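Next come two complexes built around subunit A: one with subunit B, the other with subunit C.
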Partner chain A sequence: MTEAVEGRPHAHEHINYNFVAPDMSIPEIYDACFEPVGKSGWKSNIVIGVSLLLIGWAFFKWLEQNFVGFGKTGLHLPVFWGYYIITFVFWIGVAHAGALISALLRLGGAEWKGVVTRVAEVITLFTLPAAGSFPLVHLGRFEVFYYMLPYPNSRLLWPNFKSMLMWDVFAISTYLTGSVLFLYVTMIPDLGIARPRMKGWMRTLYTLASWGWRGTAEEWKRVKEAAALYSVIILPVVISVHTIVSWDFAMEVVPAWHSEVFGPLFFVGALYSGVAAVVTMLTILYWTYKPYQRLITSVHYDMLGRIWLVLGLAWAYLFVNDFMPAYYSHEPEKMDYLWYNAFGTYAPGWWFLVVGNFVCPLFCLASKGFRRSRLPMFVLSIIVNICMYLERVVIFLPGQEIYDHLNGAVTHYSPSFTEISIVVGSFGWVIGGLCVFCRIFPILPFWEVAETRSRQIEREIAGVKVNYFQSGE
Partner chain B sequence: MAEEENKGQTQVLTSIQTVGTYQWAMVIDADRCTGCKACVIACRAENNIQTVGAEQVNMGRLMDWMRVDRFWEDEFHHKVSTGRLAADQEATEEHIRKEAYEGDGFPNIVATFVPMLCQQCGTAPCESVCPVFASVHTNDGLNAQVYNRCVGTRVCANNCPYRVRILNFYTPTWDAPMEQMLNPDVSVRSEGVMEKCTFCVQRIRRSNLDAKVANKPLLDGELRSACAQACPSGAITFGNRNDPESTVNVVLKENESRSHRVLDELFDTRPNVIYLRPQRVPDAL
Partner chain C sequence: MRVAAEFEHFEDALAAHRLLIDENLDAQDIEIRSPYPLPEAPIPPHREAPYNMRFIVRVMWACAVICGWSFLAYTQLDWNLRTDGHPIVSVPTNCLIMYEIGMITGILTTTFLFLWETRMFRKLVPPLEEDLPVANGYCVLVIDGRSADRAHTLLQNRGARSVVTYGLVILLGLMATGCAGNGMIIPPGTWPYNMREQVVNKPGEGIPPWTDLNAPVGEVAAPDTSLVMHAHAEAAPAPFEHLTPGNPNNTIADALKGLRELDPAAPDYQQKLNDFRTQMPAWLQIKALVMSSNDIGKPAFLTQGKDPNDTVDQAYRKGLDSLLKTQTFPETQAPGAVDRGKVLFENNCAFCHGSNGKGGGPVGEVTAVPPPHIGDGNIYHQPQYTDGYFYLYIMVGKNNMPPFVDKLSPQEIHDIIGYLRQLQGPR
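After this line comes the complex of A and B, so read on.
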């Protein structure tokens, strides 16, 4: 079944899919999980260096945009929301991987979750600030962004709570707080366990961050309760966040945006790209760190592939649903938008999106062989993420470009160098941030993998050795 | 009346049109408009609108608060739209089309000009979406833009079906002597804020204050917006809708059958700018 567990006669894939506990002792798991922690290598140095350059350049361009003028972007009438907002929605989507996948897996009691949860949460940790920064970058007057916060002031001015942009402010900040806490609480045991083995400033960091964790039964109980509680709390937050992001558009009068299906479409699309991001990240970890190869098995890919397939089908259903009612009702504005997408300037992107995001994953992911092979899944995850970016492009830009109720003018918008720099800089932040995180903290949760391993019971039933898990604590 | 003006606090939370002494409104007669764009120039001069240059204009960043949309109609459609030809006479359409486009000489086409400016909607889509209340409704029916409060999210521009809101992409500059001609009553907007037609709010406020000082009511005709003042053919009428004797109401009453509000039926925006459909019979047709 995989390189890691091959040769184990009892590890029979048809018997228990939930079984992914590695064939390793717990000290071995510890060594594997903490392998990259505290070490530096030239490869990651290069990645971090390039990321810093990109971030620095983006920061410079952002300062330039603030001081010279917003005209440094390519925006113009009537396209007032450009690539900043597209990238914002894209990162929000990727960020949905974290909390939702790990919360669902925790609540569903999936025993294979161990390897996936923290990867997903850490992706959220870095993509969500990247997402949250774009509405600020996109402000015409960044220096007064605090007008959007409900702070007390002498004129008793409040933000407009009827505006969906205000809902956005609260939704994203709630989600950021919740997902950081979620990640942090489940990391405390690892930090506490690893603290005595750390040296230098890392030891200080782990000591401070683990809040005096000693590993008593009471502490374990509390951590697990907190993780369960956060899982339950974060689910509605996840659903609301992206629905609210979609309302930024759906509540406007732009005909292409004014669509009831945007809430679920954006939510499912976000999860879809989120799972793709997790697959990308897992594969890169697999290739980068040798000890991880025993922990990240093809069963993980299989399981993620199934979730991915279901989400892909749901996404396709909703995406088609965005057009079909418009097509059958022959609402002129919606029809213009549909034709403009399918045969206009954005036609190549649109058709690539249809093939790459729907046709291709549907047929690929339906096959178990495909789901279990690493390289094809990696390639597919990259394609899907490109397609999800394209999806935002073809939803947001054409809608504005052809939007003119009065004289039907069509304009074209393309991003300026400033916009491209800042968008690329956000990618630098996410990739560099993930790299730094891997060097400081264990990206695979040791205690969750070890716990799975220790609860594993092997038993011979009817001459076949099966693995199953002790339920409960 | 002055008390009325001060009495009501601005109801920023509700976009429902309030009823007070004044409801400023504009009537634009498409029959009278010749498309000369004097209103656009007057608006630029009155409201310190920046000149952005050819490069920016080509990028679609023209800052004018007012534009004159042109609508072309051929003979057949013109006759149908003005009611002189029943729409079911489609058998003749092919014939007329042929005549119009393929006959010798210039095609028989009529242009209708529609000056488009902020419609000062009674239920404005831009007001409800602004996160910081930079776009608010005033008691006298105006749709005000508070430049100091604007953070530049541009969501109001997206939500405006008339596309009359513009962002200041750069801080405006004027060459040396030109800044002397700026209107001191109107603030110069800085980079990153949205702006749009204000119905010449500086004139409205000045007239209100003058009337208050003189202790007499503000009479109809004492106050006109810059575009109405500049219009040579008198296509634009500006005045108080709550005054039954005002020119606006007289013109409206005379031309009730022609009056309509643009896109009101689609978005229920209830604009304070009322258009009169063209009815003229051009010589050519």
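After this line comes the complex of A and C, so read on.
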């Protein structure tokens, strides 16, 4: 779309990249958004079937671990936090996509948010339970979970608030409640609108879940107010959740983890991987469902790419900052940890992380052409998520392995088959869950896309030109 | 009484809304519905409800923070190890937990208030029929209460239609509680696309009353000889005490009542049934059958009277056969039939079949099985689609199509067929 912009030199050469909603009527948008709902196909059946197998196998291995004992894992002193905790942090990180992207875009009034918000929230919906289950798996004896519930126990103390695990419980349960309700309340209009067209049990589901939504002006006022309130409340919760998760480590006795930037580093890293997950999901949706191809435009990739680039730069700064003060102050523990990472057992992963998580995105995402290309963005999103998993590995494991290094002991740890099974099972849960969700509920929010479209029609009629991202161009 | 007017573009809906406000209609009677949020500022006054969401959420948040702090302080002071009066957990950590308690309270309060405040001005499960326009991407103005009559007049040229909702609300309540599933009240397959409860607009009548089972059938009972199976109907004795052959004051309810009171065990059961079928005009029979076909009083001959030796059944089937084989009714070519048929078609058929009979009607677009393109001459000029075919299925309905036998007189059906033939073009 090329338009002349008044008051600018070379106005005729200037390309206006403002977001333009697809030229579709409201019923067409409805049809596109609800295309996969209520349908099944052999591809998704296979995905769901494989996911169920993975979940079943993981469940079996988890039961086995409970009966046989924690020796089924590869954990041993001093490496007591292994792949369970790594995967926990990884999923928490991916889950941060939902609330942050959705809340920020809503509060900022971004026009292009329509396609992205629910995708992000649904990713949270499935990754957060996956994350929350890992501390329980890591308990070994999961039945002692009740120690975290407030009740007077033999120590005459209610839950032990000195424990970082306790803070996790508060933060994750708040975040899970908030993000589920955020997703649900903003989905009520779609459920109500689609209710008359649904068949069978899905009509019952939609009828009950939509609470008699009729789309009156008063209802719209309240749903938008509720979305704004959720956004305002959830943004600080997002920050608190991952900061608390980082304190799980920073406040531990392991010297390599004693870092004051862990809070922001984890938080920014989480958002970084979260945006990558949204890009992955959007691209898969684009390729899977043909009607979505009119809704998911390159502008969405461009805008997500900008957020991604900023987060990547922030992450890189904080990652370097983790070592820089230690380097200047010659802190031996931290420097040993850095050398062990960069030139020890974990060197290949560490350098891959540096390249894949910092160098690649920096140069790729700086280019508008790259940000607007679908396949490269998809590949980059996969690379970044692999790298973010690696980041957790190289932060957590080496620090513990060299815990006894002053005694000349470096204890290696590798995950057992049980651990790998349960970790892979969590991937099955997330992928299968997303697949099932797409078949039952509209993953692209009809009303938000329609709202954007109707606003643009309104502006076209009124002849008013609104430039949304003009200042950045 | 409730009037719903639907508009494709929300600007038109807002303009109509403004018109109603300018005409001094009560704003509390007007509701504007849309498939996406309308811009806040230009919406004219409409039905409103108290709006305290933001204030209450703030207050609850503050209360939760205070309570969270007290809770933590209590649990720590309650710990009877010696701490020399210091808290065992540092103040920032306490703040963290207090903060999460405040946040989760804010989230739950927001959810609760959203459901509570929206619940105040809507029924829990609205009739599906009302949602159809919104689902189609239309904006709808709904006016009820005392303003409805006036609004209907004002909006008549803007696409208004009247919708009666209360019966469906009850049915939906039964559906939601599982009392009306499995065809107990609504036959399977007809839900939710049945327009049976929909008021049908007839030309010149404005908004007709709710279909009344006790309204007299009227003069149309006498003519229509093509469907009367026995010419001597008037002479025969009455099969039921409620029903007099040839009497124009007979009602559908009378016929139904008579059918229900038939006792299969009684010795004269067969005789009475035969009398009913031989003496009543066929259209009244069909009307009664249709009205009772979903009912416990369903007559036995519909389900079991398939005996080929039964002469009455043969007669009945012959009647239907001759109806189906009637290529052309002379009434369809009567002067003015096409014009009247056009209006009737627009009011009764176009919702599903589209105004040109080739699909695109607002209701037909959302049905699972699209309604046939009855205006398409390429299909409906085939010999099996006789005038009688259309006559029969307009009367008794087909698939998702409701029966119109209780809504249209035979003459009106003839008019519609005449208009249909014009839509289909010359043979």
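Quick notes on this one:
Note that the second predicted complex is superposed on the first by the 427 of 473 C-alpha atoms of A that agree within 3 Å, B and C clash if a C-alpha of one lies under 4 Å from a C-alpha of the other, contacts with A are read in each partner's own complex, and residues count from 1 in each chain.
Convention: a residue touches a chain if its C-beta (ideal position, glycine included) is under 8 Å from a C-beta of that chain, and two chains touch if they have at least 3 such contacts.
Just so we're clear, the structure is a prediction, and the values are computed from it rather than from any experiment.
Of the two partner chains, neither subunit B nor subunit C is touched by A:Gly428. By the touch criterion defined above, A:Arg141 lies against subunit B but remains apart from subunit C after alignment on the C-alpha atoms of chain A. By the document's definition of touching, of the two partners only subunit B reaches A:Phe80; subunit C does not. In the superposed pair of complexes, A:Val254 makes contact with subunit B only, with no contact to subunit C.
When the two structures are aligned on the shared chain, A:Gly132 is found in touch with neither subunit B nor subunit C. Touch criterion met: A:Tyr30 reaches subunit C, while subunit B stays clear of it.
By the document's definition of touching, neither partner reaches A:Gly114: not subunit B, not subunit C. Looking at the superposition, the partner that touches the larger set of subunit A residues, subunit B or subunit C, turns out to be C.
In the superposition on chain A, A:Ile244 contacts subunit C only, with no contact to subunit B.
Once the two complexes are overlaid on chain A, the subunit A residues touched by subunit B in the first and by subunit C in the second are 157-158, 162. For subunit A in complex with subunit B, the residues that touch the partner chain are 68-71, 74-78, 80-81, 135, 138-141, 144-145, 147-148, 157-160, 162-166, 169, 248, 251-254, 400, 403-407, 411. Per the touch definition, subunit A reaches subunit C in the complex via residues 25-27, 29-30, 150, 155-158, 161-162, 167, 170-171, 173-174, 177-178, 181-182, 185, 192-197, 199, 203, 207-208, 211-226, 229-230, 233-234, 236-237, 240, 244, 446-448, 450-451, 454-455, 457-458, 461.
Those residues of subunit C that touch subunit A in the complex are listed here as 9-11, 31-40, 43, 46-49, 51, 53-54, 57, 72, 75-76, 78-80, 88-89, 93-94, 96-97, 99-101, 103-104, 106-108, 110-111, 113-115, 117-119, 121-126, 128, 130-132, 134-137, 176, 192, 365-366, 368. On the side of subunit B, the complex with subunit A involves touching residues 13, 56, 59-62, 69-71, 114, 116, 125, 128-133, 149-155, 157-163, 166-171, 190-194, 262-263, 266-267.
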